[in-house]
Amino acid sequence: MFRAVLAKEIRNHLLSFRFMAVFVMLMVVIPVTVLILSTDTLRKREEYSRRQAEIQAYLGQYAHFNRLFAVISPSQPPIAMLTLARGLADDANINAFNNDPLPVMFPLIDLVFVATILLSLAALVFSYDAVSGEREDGTLKLALANGVPRSTVLAGKFAGGAIVLFVPFLIALSLGLIYVLLNPRIGWSAVDGGALGLLLAGSAVYTMVFYGLGFLISARHASSASSIMTSLVVWVVLVLVVPNLSPYLAELVNPAPSRIRIGREVDRMTDVERDELGRKLSAERRAAVIRDHPALADVERMSESDIKATIARDPEFAWAYALFRSASEAAWKEANVIQGQKAQVLREELGRKEEAQTRLALNLSLASPLAGFTYLATDLTSTGMLNQRHFTGLARAWARNYSEYVQKKMAEMRQADPTVDLWNTAVDVSDMPRFVYKEAPLADRLRAALVPFLILSGMALVFIALAYVSFVRYDVR
Amino acid sequence: MNETQSILKAEDLSKRYEDGVLAVDHLNLNIYPGEVYCLLGANGAGKTTTINLFLNFIPPTTGTCYIKGIDVNRDPLEAKKHVAFVSENVMLYGNFTARQNLDFFAKLGGKANLAKEDYYQVMRRVSLQEKAFDQRVKNFSKGMRQKLGISIAIIKDAPAILLDEPTSGLDPKAATEFLEIMAELKTEGKAILMSTHDIFRAKEIGDRVGIMKEGRLVMERTRQELQVEDLVKIYIDYMKSEPLI
Amino acid sequence: MTGTIVRKEILSNLLSYKFTAVIVLVVVLVATSFFVMARDYKERLADYQLIRPEPGAPIAVLPPNPLSIFARGLEEAMTRSFEVGAVGIDVRAGQSSGNVIFSFFPTPDFVHIIKVVLSLVALLLGFDAVSREKEAGTLKLALSNAVSRSSLLLGKWTGNFLSLAVPFLLVTGLGLSVMAFDPALRMSPGALGRLGLILAAALIYIALFLSLGLLVSSLVRRSATSLVVLLLLWSVIVFVLPNMGSLLARQIVDVPSVRSLSEKRQQIWTREVLLSYGDRSGWGARIQAMNEEFDRMEEDYRLKFNRLVRTSRSINRISPAASFVDAATEIAGTGVSEETRLKSEVIRYKNQALPSLARDRTAREAPAFSYRARPLGEVLSDGGLFDLAWLSVFTILLFAAGTVAFIRTDPR
């Protein structure tokens, strides 16, 4: 019985105009997107290696420790997955003077976008009249006039529609994927394949959420004309409104001070205020030393050359002067530490608040399946928040290695020539530790994607269950 | 009868669709004031096409339709001022009440300044229940919608009325009421062209009855002739006969 | 006669579930967007008061643009603080950079709501305007009267347009008057004029989608078909084309990445530090030379980049949604051209402030930075008018095509 309903549903969809329309659209949009993104990725790859080569050539000539870190600061190489998903790729570069305004105006298209917007819309177009439309045609009455339980009808309709919707997506995607696989320069790996498989599972669940939702709405309306309206309104709210509003709502509930403001305050603390404190502390300490050592009585009024002359002449003065110097240095050091701690507190406070806000925004946005799927997809494809953290971790580990290397190198330099300027001398850095980026392991990505995946699955189940309840009570007349 | 007086006139009217089907084949028809003309025929015989040709919904392949002497194809807007139309199974605007539907179509028919009472009067005349006057049409039964359709035609007060299978799907009581209204309109001097499947009612109401088959008018009888001949027998005979060459 | 049809269309809309659903959506969204974005603006205004440069400090910061409440555009990039240092411009980003969720989804400003939601709503009003009447048989009934088809279609168009435009303008007006009570949000007459122009653009944009809806509705027999076609067209026009366009332009015009530029800059700077070591006297001249090199690099970049922007815009113009967004943001002063212009002003300012900084890094004698957005006339002659005209032409063509389709449509 189920098979009969399923077969009818599939046949009915395959012969329908909307199937043709959706199929044609996906067949155009997905391969074209993959094609353009592949070209873009290759272009970025080329540019990346050119930049790396430039840095290499540069290091051979002008490396010195004063500003070396700024030159070799780690950057993320373009990964193969960028041919399908762009995620948080920082195309806008808001922190650089020559930022790129285009991605801000028109977010660039990728597979995640195709799935989130086009697939969800298609799911509603396929399901909005699943119940109400059949009622209008009278076919629902005919079907239910036989000994078929409603649950079977529902299951058959649901499975049929979902299959018919997802298969064109898969076909169109495999078309694009063939291009990616045939292009060795993209370097598509087995891990990428695994990530893509998981991504497809996620998009299947995402599609089910909207299919279930459309079904539910259809079973709550008598006419298909009103069920499509409700479906579209709900779609707009879930897909286009909730995710976009959530960071603003989070900002409203959990405000965080602006970064510029904190930055300015930190600057003031570690600059002007530190100088004041340092002067005050060092004056106090120096006065104390002078009190204990009468030989230093006039030191504050002596000129530099006088001091040098006195040191050479008077060993007691020289000893006391050394104390005097170190007291002053210690005072400045202390001032640095005190102000540094204050600034650290401020920074941590900002970090905490920002994190609280981000977490709230994240949780709010998860009310929208689109947001859930976006997080899932970007984390799986190494283009999302997980990757940002992962990259920061890698960069930090490398920075530690680098500073160890600098210490070691400087010690060597000092040994060779004690008077050398450690910072501003050209050095050979060919043995420097290099920053190597590796994507986060698939297991980590899977773990990160699990929460949104479970939420999506839960949503799909809830919608299907509600659709079932509504369908059982549906007035077929 | 004087030909110049005919309100609805088809002259050598033919319609061949793009798929090659000849739906109307050299039809000649004259319908005079105070006359009801019933077109009988099987599905696909060309009855509805004829009415569509009169309304300029489709252009004729050859020939001309005239309404009150005006060439429908040349001046459709002027011609349509003089004709009212009742279609088979009209849904109307479901969200509008009966009166709102009536009001809109009355205005389209050129009747601008009608009072509420005028609408009620027409709806009473077609014996629509009072309580339905200000209800949404969405919940109307087929009979009620059809009555409202007729009141739309009545309120336009045009000399010609075209009805496309108006009684199909109506219960006997509603159909009888419908025919009573037709009879009234006839006495008011309207020229009425009605396509129908209902042989008995055609015999009852029609001043003339024509049978169409494959686009041709194969038989025409007046009321007097039908007093002595059996329409049912004629109809069935014609339907059975071999296709015309 | 057209008046009768207009009245009937409006009444018919008012009584329908469809209309109630979509208008509630529009009203709620516009109101929410105003509230959220106005609050955001006030927050940024408060921030600006804090980071406002002291007199003499070589810092260029623009105050937030009140019109960014409606058209956010590149506001975030434009209100960054540009601090002129001895070796170039140090950029500090603004408010939202701490919360990464902001960068996942587009800003829900007024322009976004119009671009995405209002266009959809206009299509939903238009998609069954003709086909539903065919299905219900009322089209036959209406056309059995002495009504010309063109006046019937014009009546339908006008009725549906008014049904959408009036509630939209009402809620916008209401939102604006509520905002007017807050002194921080009060807008100058000039800004209000610009807003009026954005609204006019929005109305043309709505008209375009309504005409598209009527066209498709006249072409097909069934409302369900019309809806599917229109939804797919909508997603292509609003999402696929503009987003793919700028990506495509990038494949055509080769522009180095921003990253490579900043890396180059660091390299030059580091090299100069090394070369100048031990020769402090020439530092001022070196800074000058370095800046000239940076400027050359950047000018080269900007030249290429402007070509990219032009290409991208030309491609995107295929989509009316992109045209509308471009026009609206330029009018609001948060568009791509305005931002480019601001950046060149900042560079000019840097060159002004640099000599004193080269002498003394802590000098506080820089002139104050001032920037005036382009006057409206210039915005319009600079492409704004073209976009508006393009939208209008598009609308008229679609309406004309719709009329032809409706005249040819088979009412049976």
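Labels A, B and C are assigned to the chains in the order they are written; within every chain, residues are numbered from 1.
In this text, a contact is a pair of C-beta atoms (placed from the backbone, for glycine too) under 8 Å apart; a residue touches a chain by one contact, two chains touch by 3 or more.
Because the structure is predicted, anything quoted here is derived from the model rather than measured.
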Pair of chains with maximal C-beta contact number: A-C
Most centrally placed chain - per-chain CA mean versus overall CA mean: C
Geometric centre distance via CA averages, subunit B-subunit A, whole Å: 69
Whole-Å gap separating subunit A and subunit C, where each centre is the average of the chain's CA atoms: 25
Mean-CA-position distance for subunit C and subunit B (Å): 56
Residues of subunit B engaged with two or more neighbouring chains: none
Subunit C partner contacts - residues on subunit A that touch it in the complex: 17-18, 21-22, 25, 29, 32-33, 36-37, 39-40, 43-44, 47, 50-51, 54-55, 58, 61-62, 64, 66-68, 70-71, 73, 75, 88, 92-109, 113, 117-118, 121, 125, 129, 133, 224-226, 228-230, 232-233, 236-237, 240-241, 243-252, 255-256, 258-261, 263-264, 350, 354, 357-358, 361-362, 365, 371, 374, 378, 385, 388, 421, 424-426
Subunit B - residues contacting subunit C, complex: 52, 55, 57-58, 77-81, 83-85, 87, 89-96, 100, 104-105, 107-110, 112, 136, 149, 152, 156, 162
Residues on subunit C engaged by subunit B in the complex (per definition of touch): 1, 4-5, 8, 11-12, 15-16, 135-138, 140-148, 410-412
Residues of subunit C defined as touching subunit A within the complex: 17-18, 21-22, 24-25, 29, 32, 36-37, 39-40, 43, 47, 50-51, 73-74, 76-77, 80-82, 88-89, 91-108, 112, 116-117, 120, 124, 128, 132, 223-225, 227-229, 231-232, 235-236, 239-240, 242-251, 254, 256-264, 266-267, 269-271, 273-275, 277, 298, 301-302, 305, 308-309, 312, 316, 322, 325-326, 329, 336, 339-340, 343, 346
